[in-house]
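Have a look at these structures, which come just after this line.
Two complexes come next, and they have one chain in common, chain A, joined by chain B in the first and chain C in the second.
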Partner chain A sequence: MSGPALDPATRPALVEILISMADDEFVIGFSDSEWTGIAPLLEEDVAMSSLAQDEIGHAKAFYELLAGVLDDGRDADAIAYDREPAEYRHCRLLDHPRGDWADTIARRFLYDTADAVRLEAVAACSWSALADLVAKIRREERYHLMHVGAWLDRLANGGGEARRRLEAALERLAPDAATVFAPLQGEAALVEAGLLSAPMDAHEARWRASIGPTLERLRLPMPPAAIDPERGRLDHSAAFDWLHGEFTMVRRLDPVATW
Partner chain B sequence: MTTSDNGERMIDEGSPVVAGVLEPWEVFRREKDGDPMRHGGSVMAPDPVLALHYAREMFGRRQESTGLWVIRRADIHELEDPDLLDPPLDRSFKKPGGYVMRDKLAAARERSGQAKLKARDAAKVRRPATGDPA
Partner chain C sequence: MVARARSSGPLAAASAAVDEAHVLTALQDVVDPEIPTISIVDLGMVGAIDIDDDRIRVELSPTFIGCHALGLIQTAVEERLASLGRQVAAVSSMATPWTSDRISAAGRASLRRAGIAPPSAPEDVRCPFCGSEDIAMDNAFGPAQCRSLFYCRGCRQPFEAFKPI
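Showing the complex of A and B:
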């Protein structure tokens, strides 16, 4: 481990941003993997399952970086699986249950567009290990954006039940969309150290500008500001408690087993 | 997989019904640069954008393709009369391999009353039965 990761002033904030990005990818990956076997059509089943796998892969890579920074004896698996639900730092947007297909597409659209802005915000960061990883992840996320964009168009322009379900999903999820940009503790230190290009609220504004044309074209509302953004990555829902029970199920059988 | 009478997949939990618009798309892939496109298989999709997404998932996720095409099966025109592909007269002289000698040799042997050629001699005069250049 070298560079800013060892700087004691930025270390807590670096842990904060890594864990938030890792947990976001981990939780949306698991939520989307719930479609495996029951997606609307066989081809989409494969596509959504592969997207979900990509996200878990991104989470794994972030957890590995995080394990190096924390250097407390925990490996990526221990960080991913051995925490209590309250210790996860994913954003409130990802606390909603999987819901129907429209919920999944609405959540993917809101999250992937926000994640794209956040990835860009660390793409040129001063820590090469993180910058290199983010460059790879962005190549994969480009495809995710194309995929969710295709589906958002189809649901929004599908009329009838498709449109109705999409609007209902956005009504449920959009109030929490901006929590992807919930302020991080010590984010000023990250900006100072060149790990984050600007404070999170500036990135939220860039995200809104980036999705504005799509929402306007599809006559969909811009998500409102998040309520209580300081707690945007705390206070997880009962739906997440359930998901946590699911994704830790096997690990809990024997946490020290060798696979 | 459960399908309804008209072939649509039955969908649970409020998934969108893409009513009647799913159709087969033929996928062509290039295995490595410089190779021709070859048929790889097919995917079901409602339009070319999703067909390409699904083709990528099925035929291009693990670097097994360097290029992909999708073509709507409905846009493929098939020669309807297979008899047209089976010429009734011998045109084998048009093939790169030349005449098919087997029948002519048999006739010549019969005329001359000569015994069947030894296998070694037969191999010398035999020509490929199909002059497939591939």
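Showing the complex of A and C:
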């Protein structure tokens, strides 16, 4: 498989958007899989494990498209596991320690709602392989949005400790909340080529409009504008170094093993 | 579905004629390892089939993108079709996206026999064991990506339902 017919100058921008979507799904999927066995309810143990499996599946499909575009001999596993931490392009929102259940729900709410807007922005793209994949992903993500929406309501309306923890989690994540929409290098070329419907800042505005009514109803604050949008996908934390060590551990034992 | 059968060619005499019906009949033997009562044909996973004198290409549409069973199913398809005397490639494709509407009537009956309610809107789900409408969803997520967990108050049994998607 290879990429769409493109002006060579547009190719790096296509790599950039594919790697950012793949790494976002990979990192949140791996983070959420950490709840397997220790979630606060058995039902949530099952739910988070299933959500994580969905996200890792989406990441794998994006990495496979990316492998075709890069055409440098690396397969999806090599791209997913064989990079140094600084080479990952997930957004800063996903770069916090797992934290407690409220942190997880707050992060998933901010990310899933933003991802839904971003998926819509590439749904009608000119490259059919990407459009087909995104159409399929959006069907699955509907379940994720329902799940996190129900939990956001439950924590926000739960009063006492539940609400306090949710408010604290949203406050911790607020500076990074909009980093899903950090500008991509060469995004104007993607818009020009029909791969992205509009620049990222327009999608950030649509995302804010989409979550406004929910936040208002639950009397929760709208996250502020990102302080330094240029650095939203480049500056990773020590929390990610630890996560990277975890998810590459088995691969590093024997990179050429067949499982 | 697309079938293309070329009747002539250097290998035509060596291998028996194969058409799409042969392939679909053979694939009735291939099941989802997580739901062994339903064939992948009735599950609606089989997309375009392309046949020529020396190869067969079958597109498989995954129910969920991250389904772990997909690799096993691809291998099972390739092994089952090997007897048709051609090189076989079973490839994952999202060109025809899988939706729960692709499950056949026979497939829906097979699911019920396995104790799994076929995909329906949550208010239309019935207990696969006793048919009761007096059911409740316990969890939208279940033991596999494609299933939710319900409880039947009629026969007091937990059961799984295929997710509508």
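Methods note: the second predicted complex is superposed on the first by the 253 of 259 C-alpha atoms of A that agree within 3 Å, B and C clash if a C-alpha of one lies under 4 Å from a C-alpha of the other, contacts with A are read in each partner's own complex, and residues count from 1 in each chain.
Here, contacts are C-beta pairs under 8 Å (C-beta built on N, C-alpha and C of every residue); 3 or more make two chains touch, one makes a residue touch a chain.
Note that the structure is predicted; figures quoted are calculated from it, not measured.
Peer 1: Using the superposition on chain A, decide if chain B and chain C clash or fit.
Peer 2: After superposition on chain A, chain B vs chain C: clash.
Peer 1: For A:D100, select first, second, both or neither according to whether it touches chain B, chain C, the two together, or no partner.
Peer 2: Touch status of A:D100: first partner only.
Peer 1: Could you tell me if A:P255 is touching chain B, chain C, both of them or neither one (first, second, both, neither)?
Peer 2: Touch status of A:P255: no partner.
Peer 1: With the two structures laid over each other on chain A, which partner does A:E43 touch: chain B (first), chain C (second), both, or neither?
Peer 2: In the superposed model, A:E43 contacts both chain B and chain C.
Peer 1: Tell me which partner A:G158 touches in the superposition: chain B (first), chain C (second), both or neither.
Peer 2: It touches chain B, and chain C stays clear.
Peer 1: Would you sort A:I56 into first (chain B), second (chain C), both or neither based on which partner it touches?
Peer 2: A:I56 sits against chain C, while chain B stays out of touch.
Peer 1: Between chain B (first) and chain C (second), which, if any, makes contact with A:P12: first, second, both or neither?
Peer 2: A:P12: touches no partner chain.
Peer 1: Considering only the listed stretches 8-16, 26-34, 80-88 or 116-124 of chain B, which one runs into chain C in the superposition?
Peer 2: For chain B, the clashing option is 26-34.
Peer 1: Is there a shared patch on chain A that both chain B and chain C touch, and which residues make it up?
Peer 2: 43, 46-47, 50, 143, 146-147
Peer 1: Give the list of chain B residues in touch with chain A in this complex.
Peer 2: 1, 9, 11-18, 22, 43-46, 49-50, 53-54, 56-58, 61
Peer 1: Mind listing the chain C positions that touch chain A in their complex?
Peer 2: 64-68, 94-95, 97-99, 138-143, 145, 149, 163, 165
Peer 1: Which residues, counting only chain A, touch chain C once they are in their complex?
Peer 2: Listed in rising order, the residues of chain A that touch chain C are 43, 46-47, 49-51, 53-58, 60-61, 128, 132-133, 135-137, 139-140, 142-143, 146-147.
Peer 1: Within the complex, which stretch of chain A touches chain B?
Peer 2: Interface residues on chain A, with respect to chain B: 38-44, 46-47, 50, 100-102, 143, 146-147, 150, 154-155, 158, 161-162, 165.
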